[in-house]
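This report concerns only the one structure given below.
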Amino acid sequence: MKQLFIAFIVLTLGLLAYSTYQALYVAPTEQTMGDVQRIFYYHVPSAWTAGVCFLVNFLASVVYLWKRNTASDALAAASAEVGMTFCTIVLITGPIWARPVWGIWWTWDARLTTTLVLWLIYVSYLMLRRFSAGGQTQVLAAALAIFGFVDVPIVYMSIRWFRTQHPSPVMGGGENSGLDPVMLQAFFWNLLSFTCVGIVLMVLRYRLQRLEENVEAKHAAVALQGGSR
Amino acid sequence: MTGTTDSPAEPVIVLEQLVKFFGRFAALRDISDRFAAGRLYVVLGDNGAGKSTLLRVVAGLMEPSQGSVTLLGTRKLREVAHRVGYMGHAPLLYDELSGMENLRYFAGLYGLHNDSVGSNAMQMVGLDPELLRRVGQYSQGMRQRLSLARAVLHDPDLILLDEPFSNVDVHSARAMAAVLGHVRDNGKTIVVVTHQAALIEGVADDFVHMSAGQIVRREAVLRRAVTTNSGAEAVR
Amino acid sequence: MTGTTDSPAEPVIVLEQLVKFFGRFAALRDISDRFAAGRLYVVLGDNGAGKSTLLRVVAGLMEPSQGSVTLLGTRKLREVAHRVGYMGHAPLLYDELSGMENLRYFAGLYGLHNDSVGSNAMQMVGLDPELLRRVGQYSQGMRQRLSLARAVLHDPDLILLDEPFSNVDVHSARAMAAVLGHVRDNGKTIVVVTHQAALIEGVADDFVHMSAGQIVRREAVLRRAVTTNSGAEAVR
Amino acid sequence: MTTLSVTRATLHKDLRMEWRSKDAINSMLFFALLVVVIFSFAFNPTAEESRSIAGGLVWVAFLFAAVVALNQTWARELRNQVLDAYRVSPAPPNALFVAKALGNFLFVVVLEVLMTPLFVVFYNLRSVGPVWQLVVVALLGTWALVVNGTFFAALSIRTRSREIMLPLLLFPISIPAVLAMVDATTSILTGEASPDFWIKMLAVYDLVFTAVCLLLFESVLNAE
Amino acid sequence: MTTLSVTRATLHKDLRMEWRSKDAINSMLFFALLVVVIFSFAFNPTAEESRSIAGGLVWVAFLFAAVVALNQTWARELRNQVLDAYRVSPAPPNALFVAKALGNFLFVVVLEVLMTPLFVVFYNLRSVGPVWQLVVVALLGTWALVVNGTFFAALSIRTRSREIMLPLLLFPISIPAVLAMVDATTSILTGEASPDFWIKMLAVYDLVFTAVCLLLFESVLNAE
C-alpha cells in the first residue's frame, strides 16, 4: 500500500514535469493575449482540483455527522485545507491574468464571485476549526461544511443574475469552444497532473492528521496505563 | 471496587470502563463501578481528580471517549433525562427572572405545567415562592438553594450535584444537606461532589474517593443519628 | 467592638463609621473597628453579610458611601498601594500567559523588575517557576496558589484575601493556610474571608464575625501548636 | 406537541427577559439610528443618487444591527451555563432553536419597522414600485438573516473569540441572501426591473436553510 | 519615568498575548475582508461612481472593524477581573490607557494596511491626489477612532450589554472625525478639492480628545 502510494507520488511528479513542459513550450502562444494566456494551464486545473476537494469535504462531513468516525473528520480537514490552497491559486492567477487582458483586477462576474464566496466559506470553515476547542470541533465544522456546500449552488445561481445591466466582458471570447488541439492537449495534461497533485496532497495531509491522532492515542494509552500522571 | 456496598435492587448507575480524554489528557481513566438506588454518595478528591467530568459524563452533557454509562437500566441517556436531575458548578439559572419564573420555565421543559411544582420545590429548600426579587439580586446562598430546587423540581430518581456548597455559608449548607437527606430518605439516589465533606457527612451513605481520574476507594458510612461536630462548628 | 485584641503598635486598618450603599441597600452598616499589625484575621459570616464588600472598600476598589478607611496610617489609599496585597474572588490572572509571565508583569506594576521576585513568590506557594504551562491550563488549586503568589509578590505589609479556599481541595488549602501562617510570622497583617474556618483555624489569630453589614463579634484564638482535626480530616 | 409547548415557553421567557431589561432593544435602536446617521455623513445622499444605493445601505445597516442582536440571545443562555439545564432536560433541541429564531425575527422586524422611517427621512426616499413588495422582501430577507444567524450564533458561542466568530461564519453564507435583498429592494425602489426573481430566490434560500438548520441543530447543541 | 516603564510592560504583554493567540489578528483580517466584500455586493462599485463614495465606504468599514477590535482589548482585562489587580497596584492609570491606545492603534493600522489593497482591487480605485496625504489622513483618522474608542471601550465594558455599548458611545462622539476623514479622503481621491482644512480639523480633534481622555481616564478606571 505504502509502496503503491510512493509510486503514485513519483508518477505525479513526472506528470507535473511533463505538463509544465507542455504548457510552457509545446502549447502555441495565444494570438491576442500573448504569453499571459499560459496562466490558463494553471488557472483552470487549479479551479477544477479545488472543486474536487470541496466535494470530498462535503461528503466526508456528511459521513462524519452520520458515523462520527475520526477518519472522515480527518479527511474533511485535509480536503478543506488542500481545496483552500488551490482556490487561493485560482484567486491569485485570475487577477494576474485579468489585469493585462481586461485592464482591471477584478469584476463581479458570476464565476469570479462564486470562487471568491467559496473561498470565504472555506476560510471561515478553517477558522472555526482553529477556534473551537476539544471535542466539539468536528461536529461544528461538519455542520458548517454542509451549510457551505449547500450555499454554493445558490450563490452561483444568484450571481448569474446579478447586475445584469452591467454585463461583464469576461468569458465572451470562449477559448473553450475554439481551443487549438495542441492547447487542448496541454490543458488536459495539466488537468490530470493537478488532480493528481491534489490527491497526493490530500492523502498526505490526511495521513499526517491520522498520525497525529495515533500519537495522541499512544500518549493516551500511556496515560491510562501509567499509575500516576 | 473496594468496599462497594451491595444492594438488592438494580444499580442506578453502572459505569463500564469509562475513559474521557481531553486531547491527550485522560481526565477519567478506566472507571468501572456501580451506584445503588436509594443512597447518598459523596464524591471527594483533589482538584482535577475528574469529579466534575464524571458527573457531566453521567448527566449526558459529555460523551465518554471509551466505555459506557448505563443509567436507570438504559444506555440511551436521553430516554431517562426526565428521571435525572443535575446541578452544575454554575447556578444554571436566569439572573433576570425571579425564582418562581425560573422554576416555572424549567418545569415546562419537563412537561410540568403546574405552578405547585415550582412552589413546592422552593418551599422544600426553604425559599419563599412569593419572593419577587430577580435571581441576579439573590445572595450566593439563596442562589445555590434555588439551583438545588431546579435540580429536584421534577422529582428525579437520580440527582447529580457538583459542589453545591461552594461559597455557601455554613447555615445554608447545613440546610441544603438536610434537604438532601430527606430526598434520599424518599428513595432517591444522590451523588454529591464536594470538597467540604464535613457539611454532608451527617447524611452521607457512601464516600467515594477519586484521584487522578480513577475511583480509588469507597467506604460506607454508618448512619449516625446526630450531625457530627465539625471543626467549623466548633469555631463558631 | 467586643473582644478586640489590643496591640501596642498602631493599627494597620482603622475603619470609622463605614457605610456602603448599593442603591438603597446598605451592604455595610456603620462599621467602626481596628485591625492590629502582625495578626491573621479570619472574617466569617453568612452569604451577603458584606464580607467581600468590606474587603473591596479596604483595598480601595470601592469608595465607601460614608465613613473612612485609614490604612497604614493614611487615608490616601493610593499612597500605600504598594504595601497592600489583594486577592479577589476571581483569580486576577491572565489565562494566556504562563505563571512566571503573569508574575513578571504584575511585579512590573510595583516597580520590581527583578525576576527573582516572581520565582521566589512561586516557590513560596509551592509552584515550580519553570512551569511553562499557561494559566488557562492550570488546575483550580494551582491557579489559586498562583493568585496568592500574585497578591504577596511585592512583600506587602497588609494582605487581603477573599475566599482563597473556595473550590480548592483540602490538601492545597492546607498548604495555602500554612503559607499564610509563615507570612504572618514574618510580621505581616492578613485578613482572610472564608466560609471554611476549619481550614485556617490552625494559624488564625482572630475570628471576626460579620452579619448583615456589621461586625457583630470578634474573638481572639489561643494559638495552638498543632493543626486541629477538622471533620473533613476525619472523613478522608 | 411538546415541541410546540416548549417553543412557546422559551419564546415567552425570552420576550419577558427582553422586555424586563430592554437592554437589547434600546441599544439596538440607538445603534441603528447611529448607523443611519453615520452612513448619511459618509455617503452624502442627494435625492437622485440615493435611491440607487439605498437598498444597499438599508440592508448593510440591518445586517450589522442583527449581528449585534443575535450574539446577545445566546450569550444570555450561556451566562450561568443555563444551556446545560436545557441539555439535561428531555425537551427537544429544535424547540429551542425555533423559539430563538422566532424571537430574533420579531426583534429584528421591530428594529426595521423603527429604522425605516429614519431612512426615509434622511434619504428622501420614495418607492416607485409597490410598497407591499418591499414588505415581502423585508420579511423574507430578515428570516434569511435570522435563521442562519441564530444557528451560527449557537455555533460560535462554543468557540474562543465568541463575538467575532458570528459575522465570520454568517457573512459568507449570507452573501446570496444579501444580494437578493439588496437587488430586490433596489428594483422596487427604482422601479426599473422586476424583483420577482429575487423574491423567489429569497424564498428558496429561506426554505433550504431553515431545513438545514433544523436538521443540524441537535448535533450542534449537543456537541459537548 | 515609571509611567513609561508600565506603559512599555503593558504594551509588551498585550502584544505577546495577541501574538500567542493570533486569534484577534486573524479574525479581524477576515472580518475586514468580509466587510469589503459585503459592501461591494451592497453598493455595486462601478469605476466612475466608486471614487466618490469610496471615502465613505472605506471609513465605515474601518469603523466597524475597529469597534470589533476595540471591544476585545478590554474584554481580556476583564476576564478574570485582572483589571482589579491593576487597580490595587500603585501603577499610574494613564500608563494603562496609553498602552491600550497604542496597541489598538498598531492593530488598526495593520488592519488598514491589509484592507487597502482589497479596496483598491475590488473598487478599481486610483488616487488623483498625492498618496502621502492619504497616509496622513489615515494616521490622524485612525488615532481619532482609536483614542476615543479605547476610552469608551473602557467605559462600556463596565455596563451590562457590553459589546453594544461601545458603538453607542463611540459613534456620536466620532461623527466630526468621521466627517473629516471621509471628506479628506474623497477630496484626495477625486482631486477636486483641497483636503487641508479637513486634515487640520482632524489634527485638532486628535489633540483635544487625547487630552480629554488622559484627563478623565483615571476616574473611569476607578469608577467601581
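Read from first to last, the chains carry the letters A, B, C, D and E; within each, the first residue is number 1.
One rule holds in what follows: contacts are C-beta pairs under 8 Å (C-beta built on N, C-alpha and C of every residue); 3 or more make two chains touch, one makes a residue touch a chain.
Quick caveat: nothing in here was measured; it's all calculated off a predicted structure.
Visitor: Which chains make contact with subunit A and with subunit D at once?
Guide: B, E
Visitor: Considering A-B alongside B-D, which chain pair is linked by more C-beta pairs in contact?
Guide: B-D
Visitor: Nearest whole angstrom, what separates the Cα centre of subunit D from the Cα centre of subunit E?
Guide: 26
Visitor: Report, in whole Å, the distance between the mean C-alpha point of subunit C and the mean C-alpha point of subunit E.
Guide: Distance between chain centres, rounded to whole Å: 39 Å.
Visitor: Roughly how far is subunit B from subunit E, centre to centre by C-alpha average, rounded to an integer in Å?
Guide: Subunit B and subunit E have C-alpha centres separated by 48 Å.
Visitor: Calculate how many whole Å lie between the centre of subunit A and the centre of subunit E, each centre taken as the average of the chain's C-alpha atoms.
Guide: Distance between chain centres: 35 Å.
Visitor: Would you give the residues of subunit C that are in contact with at least 2 other chains, written as numbers and ranges?
Guide: none
Visitor: Got the subunit A residues that touch at least 2 other chains?
Guide: If we look for residues of subunit A contacting two or more partner chains, we find 120, 123-124, 127, 131, 134-135, 163.
Visitor: Among all residues of subunit E, which ones touch two or more of the remaining chains?
Guide: 21, 23, 27, 30, 34, 37, 41, 44
Visitor: Would you identify the shape of the chain contact graph, picking one of line, ring, star, complete or other?
Guide: other
Visitor: Taking all chains into account, which pairs touch?
Guide: All chain pairs meeting the touch criterion are A-B, A-D, A-E, B-C, B-D, C-E, D-E.
Visitor: For the complex, give me every residue of subunit B touching subunit A.
Guide: 19, 21-26, 29-30, 62-63, 212
Visitor: Quick one: which bits of subunit B touch subunit C in the complex? Just the residue numbers, please.
Guide: Subunit B residues touching subunit C: 44-49, 139-142, 163, 166-173, 195-198, 201, 207, 209, 228-236.
Visitor: Residues of subunit A touching subunit E in their complex?
Guide: Going through subunit A, the ones touching subunit E are 95, 104-106, 108, 116, 120, 123-124, 127, 130-131, 163, 166.
Visitor: Within their complex, state which residues of subunit D touch subunit B.
Guide: Touching subunit B from subunit D are residues 2, 5-6, 9-10, 13, 16-17, 20-21, 76, 79-82, 84-91, 224.
Visitor: Can you list the residues on subunit E that touch subunit A in the complex?
Guide: 23, 26-27, 30, 33-34, 37, 40-41, 44, 46-47, 121-122, 124
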